[in-house]
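Below is a structure I'd like to ask you about.
The letters A, B and C name the chains in turn, as written, and every chain counts its residues from 1.
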Amino acid sequence: MWVRSTLAYRASFALALVGSALTSALDFVGIYIMFTHIDALGGFSLPEVALLYGTAGAALGLADLLLGNTDRVGARIRDGSLDTMLVRPVPVFAQVAADRFALRRLGRVLQGAAVTAWGAAHVDVAWTADKVLLLPLTVLAGTAIFAAVFLAGAAFQFVAGDAAEVQNSFTYGGATMLQYPPSVFGREMVRGVVFVVPLAFVNWLPALYLLGRPQPFGLPWWTAFLSPFVALLVLAPAAVAWRAGLRSYRSTGS
Amino acid sequence: MAGGDAVRLYAAVAAGGFRRYATYGTATAAGVFTNTVFGFIVAYTYIALWDERPHLGGYDQAQALTFVWISQSLLAAGALIGGGFQEEMQERIRTGDIAVDLYRPADLQLWWLAADLGRAAFQLLARGVPPTIAGALWFDLALPADPLRWVLFLVSVWLGLVVGFALRYLVGLCAFWLLDGSGVNMMSLLVSMFCSGVLLPLNVFPGAFGEVVRMLPWSSMLQVPIDVLLGEGSGAGGAGAALAFQAAWAVLLLAAGRVLQAAATRKVVVQGG
Amino acid sequence: MEALIRLDGVEKVFDVRKRTGLLRRERRQVRAVDGISFEVPRGEMVGYIGPNGAGKSTTIKMLTGILTPSGGRVRVAGIDPARERTRLAHRIGVVFGQRTTLWWDLPLKDSYALMRRMYRIPQARYAANLERCVELLELEKLLDVPVRQLSLGQRMRGDIAAALLHDPEVLYLDEPTIGLDVVSKAKVRAFLRDMNAESGTTVLLTTHDLQDIEQLCERVMVIDHGRLVYDGPLSGLHSAGGSERTLVVDLERGLPPLDVPGARVVKVEGPRQWLAFPAESSAAPLVAAVAAKYPLLDLSVREPDIEDVIARMYAGGGG
């Protein structure tokens, strides 16, 4: 639906797509400038960091493409447009996600994929079949994990409608963190994204395996392949939270 | 309008801008939380970078970390990664409501400037102070003890806000000529993020490229105020030069805004809005 | 006749949290709907009126499944709206006067195409319904216009058509004429009358404009403070409240209060005078009497507004 209306303004769409790609590329320019002064950051070379950067960006970009609109749930409650969605015979969540679907967000995905490809081509890795397969699997599972964060953020807005920005900490903030090697961060922070909000499964653990490095906290190598299961594990409670939020909205009203 | 009345008018407009944002309590708290989270993430990457290259760009590690936290604190006030007034102004231009503003017995540019400074004052307090405190508690920052340095810093921040306003006012006025302002807004935002120091401190930018970026007006919005606070550019003389640099850009860009505004007004009069 | 809408002792209680200090909050319960029971048979057009905050919108939200009732029983077409919201959605149409269900940036016809997919309307039925709505609501010139460029009246007609494409058995209209000019109001009312007569769609209408009710509904229900205070014909409402209409008379010059039988002067302002007379009696003899006795320039009749009628019902012990 929204795809059509945005494509209608073709020039403006092209500009928006490029802009979306440039905005996310800016971070990589920052990393590139850092590497004009150094050879390794936290023990990782530029192509290795590029692999982290690209996979985190592509996963976040895909999740944002699908569910980025969920940050408007609070606004929809305030302006009453959530009510108009509730009288239609289609699940509210599907309507929230599809309304104002912005294809320009594809820019971030494409840019992330490009940097991933560049990184993958330049890292010193023997690309065995399992490693080649792990890469797209990582991006898809990472998308699902970020999707769970968007979903939980949407549910949170039923409680605090104005607090939509908090989810940026976990989505954009999380992706920013995942762009850099885990060795850069404090132990407690890494522990937090491995065991509490399992963002480390978006790309860190799979990438550490790809690059032939040990997993953090002495975790076995096969934890690199757990991302799809972790995604299901976090999507389920997020979906429950959304349903609970919608139910409480319908019993308390606005 | 008499001078005193004018001052009172724009003070009232600024107070209105302040209050308007002060009503969003939860949103402000959410913003503080996000700024603090980002502060932690960026701080650790800078620690890694300065571990690798101590004294990069002339900063020691404490100064680099101070840069991180002060920039997180200035993001909202300076509308450095989005926000601010220009989209609202463009919407008024698009709908034609701007004609009403133009016939008001107040100056359009000063009106928006006052409102934007009011907003910035609120966000400087509410979104600026808490992340700085969080950063200072967790990390070793190079915050000066000399009150004069803080005064100079606040003057520099204020000048930076005026420069930022003047730039965004020019962008906003483009809506008189362009149907869809979103493209210009995006490019303006990208340039601002890159050239102000949001992305990386400008003194880390390499070679002649860095030299050029540091001379552009965007550096007034973040890099210069933080350098004034850190005492970079050698003492009071350095600070004086920094403030003069900002003031020069502010005057130049505000004047450019007036020229563009006059052209826009002529266009409205000719086309009848 | 079969009752399409049935409410039995329906209640809705809201928890309202009020900030009383910096951190202290007071919790208070508000009974927005306080034990309402009524039935609407298939094919009827009913007005549902009351002052702001009386519980009208809350009732509509419970009837559409947006809100879950705190007590009592709601059935619409045999369905419990709160439990089977999406199943019910296929059988009802809703128009919120203050906000649109159309897509702001899309041309009207694209919004309709989306509705077709969402409600899975068979193509033939969709085409027939759309054609009829476009003709009766005079939408053909607007189909290619993005919704944001429509005037309020045009948008309202567009919204009504959107709510009818899937042949709903019940149509809820929440303030369908709010903010519309006289011509648009007349168009909307004429369409609703025809639609009800032709397809027998049941209509529940909330409004502030008593003329909507007068021209469309045989039956009116009045809600105040969450309770049903009147349910019956509109004429009965006027006599129950002893309400009055007002004849506004513009004279050639200022005169002492006019003296005509069957009316009393309530206000004088220069050459303009306001005469109150019982709402159920005709204005014609009064106008004739004034015109015969006094130098008349212009006159108009003002209907009592809902707040007045309800206030009078209480004052006269009618509630």
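The rule is simple: a residue touches a chain if its C-beta (ideal position, glycine included) is under 8 Å from a C-beta of that chain, and two chains touch if they have at least 3 such contacts.
None of these values were measured; they are calculated from a predicted model.
The highest number of C-beta contact pairs joins the chains A-B.
Comparing mean CA positions across the assembly, the chain most remote from subunit C is B.
Centroids of subunit A and subunit B (each the mean of its C-alpha atoms) stand 29 Å apart. Between the CA-based centres of subunit B and subunit C the separation comes to 50 Å, rounded to the whole angstrom. Within the complex formed with subunit A, the subunit C residues making contact are 12, 14-15, 58, 61, 64-68, 70, 82, 85-87, 89-90, 92, 94, 96, 98-101, 103, 105-106, 110, 114, 118-119. Within the complex, the subunit A residues that touch subunit B are 9, 12, 15-16, 19, 22-23, 26-27, 29-30, 33-34, 36-38, 40-42, 160-166, 168-169, 173, 176-177, 180, 183-186, 189. Subunit B contributes residues 24-27, 29-31, 33-34, 37-38, 40-42, 44-45, 47-49, 52-53, 56, 180, 182-183, 186-187, 189-190, 193-194, 199-200, 204-206 to its touches with subunit A in the complex. Residues of subunit A that touch subunit C in their complex: 1, 4-5, 79-81, 83-84, 86-91, 99, 247, 250-253.
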